[in-house]
Amino acid sequence: MRFLLDAEQREFARTLEALLAAADAPSAARAWARGDHAPGRALWDRFAKAGVFALAVPDESEGAGRLPLELTLAFEALGRHAVPGPAVETVAASVLLAGLGDAAPAQAWLPRLASGGALATLRGDGGYALDADVADAVLVVAGDTGEELWLVDEPGPAVPSHDPVRRLFAPAARGDLLARGPHVAAAAGEARAWAALATAAQALGVGRALLDRTVAYVRERRQFGVAVGSFQAVKHRLADVLVALEFARPLVHAAALSLDPVDIAMAKVASGEAACASARAALQLHGAIGYTDELELSLWLRKARPLRDAWGTPASCRARIVGAS
Amino acid sequence: MDLTHDAETEAFRDEARAWLAAHVPPTPPPSLETREGFAAHRAWEAELAADRWSVVSWPEPYGGRGVDILRWLVFEEEYYAAGAPGRVSQNGISLLAPTLFDHGTEEQRARVLPPMARGEVIWAQAWSEPASGSDLASLRSRAVRTDGGWLLSGQKTWSSRAAFADRAFGLFRSEPGLDRPHLGLTYLMFDLRAPGVTVRPIGRLDGKPAFAELFLDEVFVPDEDVVGAPGEGWRVAMSTAGNERGLTLRSPGRFLASACRLAALWDSAGRDRALADRVADALIGARAYQLFTYAGASRFAAGGVIGAESSLNKVFWSEYDIALHETALDLLGPDAERADGPWAEGWVFSLAGPIYAGTNEIQRDIIAERLLGLPKGRR
Amino acid sequence: MRFLLDAEQREFARTLEALLAAADAPSAARAWARGDHAPGRALWDRFAKAGVFALAVPDESEGAGRLPLELTLAFEALGRHAVPGPAVETVAASVLLAGLGDAAPAQAWLPRLASGGALATLRGDGGYALDADVADAVLVVAGDTGEELWLVDEPGPAVPSHDPVRRLFAPAARGDLLARGPHVAAAAGEARAWAALATAAQALGVGRALLDRTVAYVRERRQFGVAVGSFQAVKHRLADVLVALEFARPLVHAAALSLDPVDIAMAKVASGEAACASARAALQLHGAIGYTDELELSLWLRKARPLRDAWGTPASCRARIVGAS
Amino acid sequence: MDLTHDAETEAFRDEARAWLAAHVPPTPPPSLETREGFAAHRAWEAELAADRWSVVSWPEPYGGRGVDILRWLVFEEEYYAAGAPGRVSQNGISLLAPTLFDHGTEEQRARVLPPMARGEVIWAQAWSEPASGSDLASLRSRAVRTDGGWLLSGQKTWSSRAAFADRAFGLFRSEPGLDRPHLGLTYLMFDLRAPGVTVRPIGRLDGKPAFAELFLDEVFVPDEDVVGAPGEGWRVAMSTAGNERGLTLRSPGRFLASACRLAALWDSAGRDRALADRVADALIGARAYQLFTYAGASRFAAGGVIGAESSLNKVFWSEYDIALHETALDLLGPDAERADGPWAEGWVFSLAGPIYAGTNEIQRDIIAERLLGLPKGRR
């Protein structure tokens, strides 16, 4: 038992952090929201070169093997830096394709997904697929028992999200029927689990970014002649956010180690709620300036709640935890 | 003590309800934070005004019906129950008009109020400045005396409605260098299209230009547009804050209607027991807010004043509004993310509640110090 | 519409307040907890002389007619001063007996209950009856459909409450069968509604007493060289308690005006939760001294949660509000 | 990174589990806050000690097994899962003993620790004073130098266990009048039955004498019972607060067991969906607390120190414990009021959580200032 990142994992996290700190992810996210995907794809390439998308792809498909813990480190960084794009969905698609047990679709797609050469997306339970317009592969699991897998040829109608960087589409199940049978449902279940785990990690990063920026702001901003951050109400609110985030992180790591559905559900609830608490505090303590589209903060503020709900709402996760689903 | 309205009030309610049933558009107009929505809402104000429903509590000469605060509350209940559009003229009606009634001249009232009531002139507020959020008295924008009026210079921000509005009102420092920052401020009205005014719309979290920055460069304002005495602006602005406004900033009718919609949503979503308590709390909160307001209105009608308890009101409704909308989003499940859903704009708007009109931190300080008598802390 | 106490109601409240402020209700409550009922009954007599128990008794039974609003004023005062005894239950028993439509039990008991000459109690849904050892009449509604009314001859086994002033017993349905039939169930329903209303008002008084005492304490208590009440965290917590209490009170008054079950349920939830929030804040801000049996504060601290749950838990009230019960 | 215990640890777990299965009394002893319960719990400590289970993390010479913090956590998981009694010797084991290991003499360890491990000597803490709650450094009780030792005078309070315990430890002002209140304090151990000591039990909210006031009137303490150097008491007391204690003040095993019991209660009460989310949150919280502690223990095992993050720990478990117990009471419905119910004493105990061991207000100040780097406020 050593519930601590090892040196290699810490080094991986540091590399990603350095890579992202040097890139201008916020600008890429802004451009992405406008439908200009070029800066985001450039960023994505660098991220993929660091090996992020290989972490969910088996060795035999030119991946790094399955490394869920490293994946959570990557997604926390991705959340912290507001990287745009269907990263969670690309991971989920990789897991789904690899889980089919059919070599053909896996061979066709996995090497490209692992290398970052292709982006994939997957329709969620709510019927929406993130970034289906830019994704090279748009997957839809359909049928009464979820036993059909479609490679869709059209993104479907656009649906506006509260977070404009999250470009949603509602693809229909048509195009190529890639696979059919109970193994599709099983692989889709595994894909959803990985998606939930990656989303939990991403939410953690979003929550942390919001906290860090708010701490920096209240140290600078002065009202009534003193730094806003010296007010006890402000301090205690931020302390509670830190408590929530610091107790969510171990759940995310433990879920990565076990890939157990209940562990993932716990991680998803805790990190999603912590990110939302961080967002509420960030908004309140920035005051009106935080409520604007213009401030970079909005990139994280608007993401917290969609991530809390994506790939497992708190309600559905809690139901799983008490065995009611 | 009773909660029964008299026959005249019920007749008034019936009249309002009938008018609204006949006039409220079946589909809501576009968001009033867009250019086309602003125009549609302005047209709706004119429609309200044509039948004297836009400013029911004002005296008749200015376009109102002279009803008391209780009937205003009844009107608001009917208004929101009917699903009528948001009020684009809110800033003028609820912030500037009460000040003009208390401190304006008869000439100002006659000139300013009727076009406000008809939606012809939409007013924006111009209080905040970049360095003055909660600390409003630290304002720096200047009003410098000139022949026949004043020249305004400086920067205002968070000016809600200003992206599309016609005129604005606010406080300006006319006597710099006084001992206390509350002194030497003047309350002025000015034209947003006057020479020297630059309006830079600011996008809200959902991207809509719900407020703007105003850059003022020697904007001329004639003496007739000073409200109250020069240098007395702080007192003028604050005196109206203490009375009805504490009760009417957010009308209970709005929350009663929202809570009903929420309960209907819960019903249609299958009455999930896991969310039942939060739906019940929304119903309780709307009723509590209505009753609290009725109690305040009754005290006010009996000659009382509304003081620091308006801070209770502010904290309550702002926290309530967020909880209500978050419950709605949770009921929507995956559709909660849709920015075009029926609860989306209300949710974004609710998030601003604890920030504007005095942050809830400030309100809690006021409650603790003025209502509970706790020691004043460092502020 | 005039949602404001009239002069007579304010005078009634002032009279009760003066009466109770002059009495030593805390000592009576302490004695009551030890089984010494004498000081409590003496207090009760004065309270009854002020007309409190006549407020739920019809004119024809020597009562004051039904005055639920005045009743809430009385019970708020009773809660504020920690008056011991089955006051809520005596009111409920009065309503139940008057509601039977049978003159005999009403004539036998109501004048005595209205005058304070007799105390009554009534078994609640949980199976417990408050102060059944001292009550002159112990009523139990029983039977599958709640159509039997028993005047019980033994209090049954004692059951310890978190609040030792609340002496609970578990009486069985035996003794005299006073009445039977659907009218019993109807009258019992009405009695429960009055009990819930009175309990809500009492909880409000308890919450207010806790707040007032805590405010007084934090103004005096000094730590780190300043009054504890000057810390913003302390101020904001107490401000939130005041918000909760001040928004609960109008619900209690409105419920008294309408006697509508949903209105009563709303009043019960809001005042019970507000009282508990006040208790939590009072305990925290008093620190260790508040956690002791010795401090008078404990009389209110220990009552908040039982009152929140008695005659309608928040769960059952909320279910009624959304029409799920 | 892994969460799998090694084979030796699993063997240790099996051994503990088997022992507990064979020894834990089928019905719990009376509350340890009563005279008879105290005696029963003391006997239980002896039973634990007889097979070396009372202080597993101590070195063997003192009655322990020398296991590391991870195995201590495993032991605690098994201990609470088995429904074993509360630890009446907790104060001594978790507060005094670590200080003696760090700052005591070998003579003190040899003399004090074995009887503590066997439950023969039960220790009470004597930190607080009436005027010194959160502001611990403002202590006034005195230690005056005398021949061969010290004379203690003054008043201590909130001395938990003192109603029935044998000895106590605490800080006393040995050099009055120094500049800073943290200086000139001495850490001493003393006998609760020594001449000059008056113990006045104080009833907790539920009436049980869970703590006491100590009145000290020239109580003689020999030099051998000074821990660390005279005048260095604050440093001695605080240095141990910062390491393992932050992780071990409340063991995760306790909350895991409570959360399981809560889930079973929910199950048996009909799985009401309205409370399902709170039950889920109890399960999540227990697991999060366990994992957070494992992470801290792993850092500690790797040579790290546990600093201000123990404040995160304190805030988390104390709020968690109350929420868990209030959920249980809500599940009990009308039986929640019963003071003799299976959750009753735990609930009352949980209410003290945010107050003792540093109030949560203080902890949040520490988190904000030391972990987030916010400006130090007036305290």
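We call the chains A, B, C and D, going by the order they appear; numbering starts again at 1 in every chain.
Going forward, a contact is a pair of C-beta atoms (placed from the backbone, for glycine too) under 8 Å apart; a residue touches a chain by one contact, two chains touch by 3 or more.
All values derive from a computational prediction rather than experimental measurement.
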Just grab the chain with the largest centre-to-centre distance to subunit A, centres being mean Cα coordinates. C
Please work out which of A-B and B-C is bridged by more C-beta pairs in contact, and write that pair. B-C
So what's the Cα centroid distance for subunit C and subunit D, whole Å? 38
Using mean CA coordinates as chain centres, what's the subunit A-subunit C distance in Å? 52
Among the residues of subunit B, which ones contact at least 2 other chains? 272-274, 276-277, 361, 364, 378
Using the touch rule from the top of the page, what residues of subunit A touch 2 or more other chains? 226, 231-234, 236, 314-315, 318-319
Quick check: in the complex, which residue numbers of subunit C touch subunit A? 231-233, 236
Subunit B-touching residues of subunit C, taken from the complex the two chains share: 1-6, 9, 69, 211, 215, 218-219, 226-227, 229-232, 234-236, 238-240, 242-243, 246-248, 250-251, 253-254, 257-258, 263, 266, 269-270, 314-315, 317-319, 321-322, 324
Listed in rising order, subunit D residues that touch subunit B in their complex are 272-274, 276-277, 378
Mind listing the subunit C positions that touch subunit D in their complex? 124-128, 159-164, 166, 168, 223-224, 226, 231, 233-234, 283-284, 287-288, 290-294, 298, 301-302, 305-306, 309-310, 313-315, 318-319
Where on subunit D is subunit C touching in the complex? 128, 133-135, 157-158, 202-207, 211, 272, 274-275, 329-330, 333-340, 344, 348, 351-352, 354-356, 359-361, 364, 378-379
